[in-house]
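The first chain written gets the first letter, and so on, giving A, B, C, D and E; residue counts start at 1 in each chain.
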Amino acid sequence: MSAASNAATTGWDSPLRRGLMLFALMFLIVVVVGVVQGTASILLILTQATAFALIALGLNIQWGYGGLFNFAIMGFLMVGGASTVFLSYPVNQVFWDGEGPMLLARALIAFLIGLGLVLLVRQSHRIGITGKLKTALVILAWFAAYVIYRSQIDPAAAYIEANAGFIGGLGLHPVLGWAFGGLVSAIIALFIGRISLGLRTDYLAIATIGISEILRALIKNMDWLTRGTMTVSPMPWPTPLPQQLQAAGLSIPDSFTFARIMFLAICLVILVGAFLLVQRAYGGPWGRMMRAIRDNHIAAASMGKDVTSRQLELFVFGSILMGIGGAMLATFTQIFDPSGYQPINHTFMVWVMVIVGGAGNNWGVVLGAFLIYIVWVISDPLAQLIFLNLSALTEAIGWGAIPEIDSRALQMRVFVLGVVITIALRYAPKGLIPEVVRRET
Amino acid sequence: MPLIELKHVVAGYGGAPILNGVDIAIEKSDIGVIVGPNGAGKSTTLKAIFGLLKVTGGTITFAGEDIANSLPDKLVPRGLSFVPQEKNVFTSMTVEENLEMGAFTRRDDFSETMAWVYEMFPVLAEKRRQPAGELSGGQRQMVAMGRALMSKPSLLMLDEPSAGLSPRYVIEIFETIVRVNQEGVGILMVEQNARQALAFASKGFVLAGGQNRFTGTGAELIADPEVAKSFLGG
Amino acid sequence: QEVKIGFLADVTGPIAGFAPGMVDAGNLAITHVNDQGGILDGQNLTSVLADSACDGGSAGPAADRLVNAENVVAIFGGYCSGATIAGANGSAIPGNVVMISPASTAPAVAELEDNDLVFRDVVPDSIQGVKAAELLLAQGVTEVGLTYVNNDYGSGLAGAFEEAFVAGGGTVLANVAHEDGKADYRPEIGQIEASGATTLVIYGYENAGGGAILNQAVEAGSFDLFVGGDGMAGEALLATRDAANLEGMILTQAAPAEGPAFDALAALTEAAGQDVNGTYVTNSYDAVFLLALAIEKSGSADREGISAALREVANAPGETILPGEWEKAKELIAAGTDINYEGASGTVEFDDVGDVAGAINYFVVEGGDVVNKGLIE
Amino acid sequence: MSSDLVIDVRNVSKRFGGLTAVNNCSLSVRRGSITGLIGPNGAGKSTLFNIVAGNIVPDEGAVIFDGEDVTGMKPHQLFRAGMLRTFQIAHEFSNMTALENLMMVPGDQPGEHLAYSWFRPWLVRGREIEVRKKALDVIDFLKLGHVRNELAGNLSGGQKKLLELGRTMMVDAKVVLLDEVAAGVNKTLLNDLAANIERMNRELGYTFFVIEHDMDLIGRLCDPVIVMAQGEKIAEGPMAEIRANPAIVEAYFGTPVEAA
Amino acid sequence: MDELIFFINRVLISGTVLGSIYALGAIGVTLIFGILRFAHFAHGDMMTMGAFVALILASALAAMGIILPLPMGFVVLPAAMVITALLALGIDKGFYAPLRARGAKPVTLLIASIGVTLMIQGLIRLIFGSGTRQLYVGGEPKDIFRFDMEWLGGSRPISITEPQLIMFVVTAIIVVALHLFLTRSRLGKAMRAMADNAALAQVSGINTALVVRVTWVIAGSLACVAGTMLALDVALMPDLAFNIVLPIFAAAIVGGLGHAYGAIVGGFLIAFAETLAVFNWTAVLRPLNAVLPEGMALPANLALVPTEYKLTVAFVILVITLLVRPTGIFKGAST
């Protein structure tokens, strides 16, 4: 073992004990929920939690390692979902038989022409055009490119929406779809990162929120590509569906259990793989360099670290995990529904997972993801239990039942989550399993 | 009765204590200078007096009253004032507003004090409407001291007031400190420009490892070959 | 001793505004069943509520709890199409549980490979939009401005309306989407105003963006005529607004919204202190009542066979059953007589894919009241 | 004789809003020298350093480093080209230990690339042991051994400055820019540091470019000394010559303070 | 002439209304950021909370039969501000102060404020249900003033509602009062000092705990004003202000965090950007149709972007502003 990781393991002593206890506690919660709600249910919860753990790991890379305030998580989840739709949803023959592909190809060419135009004009200083004139020309080129592209994409979109609905998918294996989700996320992250990573903390946060809202608006309204508000379903699974197992002779409960175990297994393999890679990199000089950049990017730059491209590396790396996680979620729930994505559920919840779990500590983040997700799911029956009893109580005292008790009780699940967050932070402001300082022995 | 007296103070930042029994006593007429190697606990001593960290042992008395673990908003009205080493002006506020903030705890009319400060630092009077962030290093240091004087302190504590200043300003700052002392303000300061500072100090304290090593008048310490070799750079 | 129906309801999230009314309506149907002799052998019918938060991701665990943990016989819900589809695919269909959605209008719901398990008793957007277009054209309105809530409901309805309206010779001067939950819709209204339209068609929700748009459009004062869909037709429409400003406003809603079935439910909801005109309240009541009838008809609290029984009790022919007539229905079923539930939201005849075809009524605000003008021919 | 000049600043200007911090300034540093840079507060010394080290892009003028125009180059590129700087206000990595602060300095660590750390861990490990040993040596030299596991953010002001200086000892650089390393450092320790700087200069061939207000140190180490005022170079020469210039003495040194 | 009136109605008045709301919200956000150094995400819900407090008070007054010619929500505003300020203080004491005492990072406080958001939303829905309400209790109608423009040759009136008028006045008063407070009063200056350098403020003997309390009082009461004004203008619902918290943050950021004046500028900038981006220029340019050649008539809808992308515009402005000025127009603070 290298000196550094040696230091890490020995320095782990008390956090290790604390972590083990917390993981044991979480295991207990899983068992209890499993007993109360049944195996099939807990498997479903665990599968989605695993996807969220992967996403949270992505955020941990960005925030915990790099101090990048990414609030565009929802955008990346949507991108991942939409990408896996494109790759793994069955082929839409109507689209391929019609004019659609041709029109799209023309739009693509228009896009490339526009892009070429912009790039060309940006080189105009070589022929002596500089300063304000160049800026004006570049803006003009952007505008022209936009017009050229719109002139081709609008009819194509209208045609596809009218005739084929949307372009459908390619019918490839869903796991390929997830990889594609990661890839597209990486490309988009590269683009976002290039324009916005120069911003500092809160400014970066709000800029990324903005970008994720822009992504959402695009995905939600590009009906020809994503089917927009009409939703896409059913997404194919990489493993047999319960129905297929039933057809093969399994009982209904068994079919649920086995189908979900198989799905969960794939997700776990990906999570564990990602975890190992991330953990190994973080424990060594790479992690040290990233923490240095996070602490003081000016000094890091003067110590020879290429801050911009390293931050981009982090941003892209984290976003890949988010994209894959988003794709997994869409595949597992078998629906891609752009209207279902909300910043509070898909961005802030992940932040909560990371901060409550312990930013900068992968174990903590995975714990946080599972814990918060399970709390969120069981807050539904839990809130009802509490408030139905409360209502019964007020009724017994003679104050009368709380009106609309069912639905109001459910509103309290939001409250329950809020309470859990604030209590957890109050007693562990650095997270349940905080970042470890790598001290020597 | 000394103006301020530390008896065997023990204090730290939560882990092992940094100060392990520091003794300091300053009269109103004194200029006390604390010197010592880096990490000796000099700044920590000033912070401990000013209630910025927890004192776990010993006593700190100011004008006879126990002030250990009192917070600044209680200490400033009692006559203590502190100029931190860096970030010691409000950069976005004007010079005059900086001074006003120094008088924050005062309820009476402080225009006279302000006039006194301007008299002491004429250059500040010229720049009273200018944001402090636009001043040069030496001018900032004056603003910082002026701010601290606005509360009409009987004890002014300074953490390395000359650090980073050009030689000319160092001289100016030290002259100012002497002048302030002559106006009846006790001075307790930390300095790495030790020789220069001890030269005009009436009391000197050498701290190392959170403990007093040597105590005496400034001249005595400079003269002591042991001190000179180990702490003043020969 | 209990027969459980799962309520897959989007109580939190974007439609939190009107989901509670739908839950209450479903529970009202359950109360009626229990008050009139219970289900099967006098068992208690109960509801289990699960929150799907209008999001496929949240609907998964919620539906699964109903199907696998609570072992419900059938599911009422979800409301948002995304939640319905995710719940159906993830748990209900493989678990062989019948679902009736009272509010999911997306075409994707019809396309589910559902083993005939997923039903909905809400009229698909297409029909209502077309009927509204025909009505306006018949009344001589040829130019309108249109705004719709940007979700499956609004865009489906607006699409159908525009197509029919243009085909019939009308012009849609402006077609503007709006997002729910905004504070201010003046820019949207301004776009429509600027197009010169004096008739404003709003396909949104009264207690969300649609209602806010109506208010701000009234304030703007440049529209003579307002038109709304079923999402706008609620009690609150006039409760919080000055009816004089809305004089002449036309609302469309799935039939009957009058007639014996509707009146019956109106009386029942009034007695229970609920509002029959609330968004999707009638559909919700009908859905749960139908599920109860289907369970009764199938003869056991077993998931198998509910789907077939549902068609039998809902579709003609048979003796007519109105909302609340549980005792009568129970006797008839026991006697082996075929029954046909006529819902307050419509006659509820399920077709092959589990959708209902519906006739559309229209209403006009006249003299401070919403007056039912009967079927659109 | 450009090869003799390792840093050559040509007509550089930098303005902040209305203020011209560096004004058409030209100066150069000879290879193998310890060149001093002095001047009143606000003269533009640190700004000039920032320009040379790539932290600030000048409005006008050019910086030649080792015969090559490096104007507008990024700090990390200059580091790779062999230029290392310290900061006047310590720029420590506050959430890392003192030891880690030094260990992160050496460039080209294989472990800083994902591919190596995933697929060639043995390479990473070997290098890591070397780096660590070097860092421990430096930390002991700076008398920071007892705080090597302390978070750098918790160090005293002077200790941070020492850490800043320690970075220069972690790598072999052609040129080291020192911005007021002495401020706040105990004089006894400073003597050792000065000796070390001289040794690095003499034995290892480092070139130093030093901003200082401590005239004893400048006098001991530097030849030549450059004087800057109001963004411009106003004089250059051996310390004795500078001290003999009455204008500079008046503006910069002042007269010594008397004892109280 | 009609075109001009249309422009006034649709751009000037609408933009000012929206801008006032954004500005009132953003001032609170920016003050909290300046003093406490964290992005208080629950600010939107504090606004909603304030509006509900006003609702309770107004309903209580109406129930007692006290009806004044002004909107009741406005009449009770002072009392509602006090109550909301107290609630804000309580929230700080209960949730943020313990974290600050333990030296939590800004992001931890941000996440805690998300927790607070969830709790406030849950409680509001528990108590008031999730439906939409009117702040016009007692059935008073909302007055709409229509200024006839016929004397200028316009066929449409300039119209403005009573709450909008009140809002303009209140916003103006608040902005001036806040300016005077921050620049003239001792406490106001102490707040600025603390925003500038909290450690030095403490050393100067400024009672930082007091400054924190004053900050919450101001932020809370401003939130109450903003929420109530918004609810009077539109309607009251549990997610009333949560939905506009993103543009409010955008406004605070564009202005430069920690800058009260920046927040005001940012608020109006974002509001007018949103309004103008989806503004249908045909309405103003229609007279051109007379001079344009046949067949080149302006399209019925000539807006820069479709309304689906309205919020997007706010964010595009935001991103561009930040790219040009990375810490906002007024060079704001940063954690």
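Note that in this section a contact is a pair of C-beta atoms (placed from the backbone, for glycine too) under 8 Å apart; a residue touches a chain by one contact, two chains touch by 3 or more.
The shown structure was predicted, so the numbers you read here are calculated from the model rather than taken from an experiment.
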Checklist entry - Hey, how far apart are subunit A and subunit E in touch steps, shortest way? => result 1
Checklist entry - Which pair, C-E or A-C, has more C-beta contacts? => result A-C
Item to check | Centre-to-centre distance between subunit B and subunit A (centres being mean Cα positions), rounded to whole Å | outcome: 53
Checklist entry - Cα centroid separation between subunit B and subunit C, in whole Å? => result 76
Checklist entry - Between subunit B and subunit E, what's the gap in Å when you average each chain's C-alpha atoms? => result 45
Checklist entry - Which residue numbers or ranges of subunit E touch two or more of the other chains? => result 125, 129-130, 306, 308, 311
Item to check | For subunit C, residues that touch 2 or more chains besides their own | outcome: 16, 19-20, 150
Next on the checklist: Going by the touch definition at the top, which pairs of chains touch each other?
Outcome noted: A-C, A-D, A-E, B-D, B-E, C-E
Next on the checklist: Quick check: in the complex, which residue numbers of subunit E touch subunit A?
Outcome noted: 33, 39, 41, 95, 98-99, 102-108, 110-112, 114-123, 125-126, 129-130, 246, 249-250, 253, 257, 306, 308-309, 311-312, 314-316, 318-319, 322-323, 326-328, 332, 334-335
Next on the checklist: Touching residues of subunit B toward subunit E in the complex: what are they?
Outcome noted: 50, 52, 71-73, 75-77, 82, 84, 87-93, 97, 100-102, 104-105, 147, 151
Next on the checklist: So in the complex, the part of subunit E that touches subunit B is made up of which residues?
Outcome noted: 186, 189-190, 192-193, 195-197, 199-208
Checklist outcome for this item: subunit E contacts subunit C in the complex at 6, 9-11, 14, 17-18, 21, 125, 129-134, 136, 141-142, 144, 146, 156-157, 159, 161, 230, 233-235, 237-241, 243-244, 274-275, 278-280, 282-283, 300-301, 303, 306-308, 310-311
Next on the checklist: For a test of understanding, state which residues of subunit A touch subunit C in their complex under the given definition.
Outcome noted: 36-38, 40-41, 44-45, 48, 220-221, 228-234, 241-243, 246, 252-253, 255-256, 259, 329-330, 332-337, 339-342, 345, 377, 380-381, 384, 404, 406-408, 410-411, 413-414
